[in-house]
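Shared between the two complexes below is chain A, which has chain B as its partner in the first and chain C in the second.
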Partner chain A sequence: MVEVFVDGRPVQVPEGSAAIQACELAGVEIPRFCYHERLAVAGNCRMCLVEVERAPKPVASCAMPVMPGMKIKTNTPLVHKAREGVMEFLLANHPLDCPVCDWGGECDLQDQSMRFGSDRSRQHEPTGRRAVENKNLGPLVKTSMNRCIQCTRCVRFANEVAGAEELGTTGRGNDMQIGTYIEKTLATEMSGNVIDLCPVGALTAKPYAFSYRAWELKRTESVDVMDAVGSAIRVDTRGTEVMRISPRENDDVNEEWISDKTRFAFDGLKRQRLTHPLMREGDRFVPCTWEAALGRVADAARAAQPEERIAVAGPFADAESLVALKDLFNRWDSEHLFLETNAPELVGQPAGFADLRANYLFNATIVGAEQADAVLFVGTNPRHEAAIINTRFRKAFLHNRCDFAAISPEMTLNYDCVNLGDSLAALTDAKHPFFERLRAAKHPMIVLGSGLLERPDAAQHALHAAHALAKTCTNAAPGWTAVNFLQRQASAAAAFDLGFAATTAAAAAKRPAAKFVYLLGADEVAPAALPADAFVVYQGSHGDAGAALADVVLPGAAYTEKSATYVNTEGRVQRVRAALTPPLAARDDWAILRALSEFAGTPLPYASVQGVRARLAEVAPSFAAPNVQAAQPTALAVAAAVAAKAKPSKAKAKALPAVTLPVTDFYLTDAISRNSRTMAQCSRAFTHQIAESAHEAHIAV
Partner chain B sequence: MSWKGAVSQTLRELRLHMCQTGPGSAGLRAFVQTEYPALKAQYPDLPVLVREAAGVEARAYGRFAHGREQRLTLEGLSQQDVAAKLKQLVASSA
Partner chain C sequence: MTLPSVTTAVSRDMAHARQRVLSMYRDWLRSAPEIIKLHDLSLTTPMVRRRVRLEFEKKRQVRDLGVIDHLLFKGRTEYEETMNMWKQNAHVMQYFNEEEGLAIPRYQRADGSASFMSKFLRK
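Right after this comes the complex of A and B.
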């Protein structure tokens, strides 16, 4: 700690801080454009000039490290004049198109010119401003490069965080331009973040360009469910529509970034929505009342034997509806509950998988991933399955020279990663030189992917082999957990916590053909896994693949329309908040199940949200403590003991099929993204690399 | 301890709640560490949900057929007492 004086007031700041941070600690706001806490310092906008005693000229506070006893002055005539001067230079070239700029109302340049700029203009001629050609960065980011003030935040973000090194600057001085030099899209799943970072309206969102003004929006703080990371988001709505989704800060989870799917898939919430209960008549669906639909479902459930009833939960199922569905099925003495991750064959879990939280959680935590110095991925592409966690791995790559290896099909990550083939034998063997590095590492990580669960025996083998390998990592820091499981669906961790997905593979193999199937937002069940004569109920928000199989369709709420609980992949319990009401006759998911329990004559013992949440804590105590990530030492010790006994052999590994990756197209993974036009465009442009056609360019405007 | 035949036909799920560090959960923690593998080996299909959360009371829930549940408080008990009480719970038929 060093002591510095800001406007005469003493503050203690950590050594190596910048003067701007000292000012912030002292409660003095310094205007800035290029400086950003999470990016490298560029020091090129000069907006943050302050006076430092005994310095001959004003200095850029973001690029000035503090020195003991430094006296910073932020409120002198010289500083005011300097700010006005910088502002004047920036505005001399900035177009006056605020009325048609999407960033209007949220623009740093607007705000800071009001506060720190001069109160009159010296400019008289309407011509002579800088003109820069717009760039085509793909279907997500719209450019209006005349507005760019060359702060290079976007360039630094793309290079440091997103690892998309094609974005850069060309030229210098007045001719400096931001772009990809050759015409190229910004191929990263994190590209949308440059929109928030850009202090002006040079980079805005293409999909919803010109559709709102910032001050018309109602803001609701919520949590994302497009993957199992649980990024903090803000849902902005106008009337009955979601207009925009942007990140909130949560240092423990997403810092202040979100993936493009999180940000842009919401237009899928406006298409193919289920708005009324539907009943199948022949080959069409007929709208009906809730009474008729629930009555029919209850009758069908009653007609089946306990063993013949199964339920499958999809990627967006919240904890409240999972526990209600489980309690309801248990009341009927039915135990066969599955998670869509096991789809399409509904094969069940490895025995004991759901017993120990350490088995299915990302034990090292998201923040912890940043410290890793050797990481082995098994059957997972973190870039597609948890883009935000992948940014932490990239940080580890940049800052601790972390080595990466993967047992998976070939994949492209935004850091170096050695491919060890796609056979689990590589894991059991542990012969590759990389394993030496892993064993010597202080913070080794073995990351098992959720795709492994499609084959319970493979998942079990991988888990045991991972523990065996972790045991040989003798150099690991005390308290560090090397074995990690990466979930990719928002519902997964909660489903395991609640014992929802606890049917073992052995038990699942013995069950008779299903007669009554309850799909809670599950769309990926192969029709072949469901007998033709089974009665299928689909409860969910979208008329997607699952609803097409159904006899009765019950319309549920999407994640922007309910207050519900989710557990992220590291076991953090978080709550999403309703920004809107569900469309027409659609209802909260747990309430639908509660109503169904009445119709079935087996009423659930809770009738309020508080009641369900109390029940959640009764089933798994972690639900009582929202927003914490808790270690599971006992479970971990037991998991290691069980694995040690199992002795995974190389011969067994050889007999297992090759590891595959569950996500082949990051942009189209679930009912919401499949119904999103923006995601479809991204899939074309990024996954399939098809250039935007004239037709699409037309509809995009 | 042998778990052969110890679990009743109607037991569907066993849930064990404990604190990671609290002294009141020490007995249950020790029980889980020593007995879980044996119990699991005998009943691989029975979910035994071990759930740790800071500050919770050591407890066990048995869920039996038709969703009937029994709750047991194990706070402050020794490993032997935990084992005895749990044996009783899993052997009962709700």
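Right after this comes the complex of A and C.
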């Protein structure tokens, strides 16, 4: 620690920190444009100038390391004059279009020119401002490059965090421009973050340009469910509409970034919504009352034998509705509860998989992934399945020289990754030179993907082989868990925690043909997996693939419309908050199941959300403490013991089919994103590389 | 003829409060036929009286003198608004959703408050 004085007040700061951090610790706010805590220091905006005693000139505090006994002055006439001067230079070339700028009201330049700028202009020339051509960065980021003040935050973000190294600067001085040089879209699933980073309105959102003003919005702090990461988000609404979604800071999960799907898929919440209970009559759906719909469902459930009743949970099912559905099915003497997979039929889990939390969670934690120094992916593309965790892997790549290898089909990651083929035999063999590196690593990670669960035997084999491999990683730091499971659905971890998806593969294979199928937001169920004479109920927010199979459709709430609990892939219990009310006759998901239980004559013992949460905590103690990531060392020890018994054989591995990736198109993975216009455009532009026509580019700008 | 307003009073003790409540209860019961006539309701007198009784029963457990006084004041206001036709038909009928077939009597609790199911189905 080093002692420095800010405006005469002593503060202790870690050695090597910048003067601006010392000022922040002392509670003095320094204006800045280019400096950002999570990016490299550039020191090119000069707004953070402060006076340091015995320095001949004002110094840029973001680029100035602290020295013992340094005396920083932030409130002297010299500093004020310097800030005013910098502001004048920045504004000399900044267009005066705040009234038509989307960033108006949230703009750093606007705020700081009011606070630190001069109160009058010395610029009298009507012409001569710098003019820069706008760039086309794809369907998400809109550019207005005249407004750019060359802080290079976007360039640093794209290069460091997102790994899209094509964004850079050309020219120098007054001619400096930000762009890709050769016209190119910003092809990264993290591109939306440059909008938040831009301190002026040069980069704004294209999909919802000019649709709101910042001060009209109601802000609700919530959690994302588009993947299993559980990023902290803020849902901004106006009236009954979600207007935008932006990140909140949560150092343990998403730092302050969110993926493009999290940010832009919300327009899918306005299309294809289920608003009334529907009943199938012939080949069409007819709206009906809740009494009629629930009565019909209860009758159909009663008509089926216990073993013939099954339930499938989709990616957005919250813990409350999962536990209500499980309790209801258990009252009906059925245990056939499945989690949606891409498999052509409903498969259970490998025996013992759901028994240990360590088996299905990302044990190293999201923060821990940063420390990794050798990582092996098995059947997963973290860039598509957990884009935020992928940024941590990229950090490990940049800072720890982490080595990566993958047992998967060919995939493009934003760091170097060796492909070891797509056969699980590579994992059992462990002959490739990479495995030497893994065994020698201090923080080795074997990341198993959720796609493996499509084949229980493959999952079982991969899990055992991974544990056997982990045992040979003798150099690992004490307490470090090498085997990690990466979920891709927000509902998955909670489903396993609650014993919802505990049906084993053997039990699933033995069950008779289903007569009564309850789809809780499950859309990936192949029609072939359901017998033709089965009575199918779909409960969910969107009229997507699942609803099309149904005999009765019950409208549920989307994640912006309910207060619900989700568990992320590392086992962190988090609460989503309702920003809106469900549309028309749609209801909270757990309440629908509670009402159904009453109609079926087997009422559930809770009638309020508090009641359901008490039940959650009863079933799984981890639900009693939201926002805590509970690592479970005892469970880990048990997991290792289980693995020690199993002997993965090479011959068996060869017989297994090749590993596949569950997500082929990052932008279209679920009911919400499939109904989003923005996501469809992204899929076209980024996944399929179809260039926007000149006409489209024009209307979008 | 307009029903006159009364001065807000403070109850001396529980006995006094009880007397005031009973007096107001009787006022309501007595006016039941008048209310039906005034607002042209398609209800019978016993139906209205039953509803009044339920409203009083809801507050039966209240023991705080200040709260009772407040409830008396609110009850009197409601009474005046009803008898002076300051309410419209819909305002009066809000108390009779059940008779209108809007609520599901099967799911009504004994004290008339909404149960989970009646709320779920009505909303």
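The criterion applied here is as follows: the second predicted complex is superposed on the first by the 690 of 701 C-alpha atoms of A that agree within 3 Å, B and C clash if a C-alpha of one lies under 4 Å from a C-alpha of the other, contacts with A are read in each partner's own complex, and residues count from 1 in each chain.
To be clear about the criterion, a residue touches a chain if its C-beta (ideal position, glycine included) is under 8 Å from a C-beta of that chain, and two chains touch if they have at least 3 such contacts.
What you see is a predicted model, and the numbers here were worked out from it, not measured in a lab.
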item: Chain C versus chain B, contacts on chain A by residue; value: B
item: Chain B versus chain C as contact partner of A:A607, first or second or both or neither; value: second
item: Which of chain B and chain C A:W290 touches, first, second, both or neither; value: second
item: Chain C partner contacts - residues on chain A that touch it in the complex; value: 290-291, 587, 591, 594-595, 598, 607-608
item: Chain A-touching residues of chain B, taken from the complex the two chains share; value: 12-13, 15, 17-18, 20, 29, 32-33, 36-37, 40, 44-45, 47-54, 56, 61, 63, 65-67
item: Chain C residues within the chain A interface of the complex; value: 104, 115-117, 120-121, 123
item: Residues on chain A engaged by chain B in the complex (per definition of touch); value: 327, 330-333, 335, 351-352, 354-357, 497, 499, 502, 504, 506-507, 618-622, 624-625, 628, 630-635, 637-638, 641-642, 645
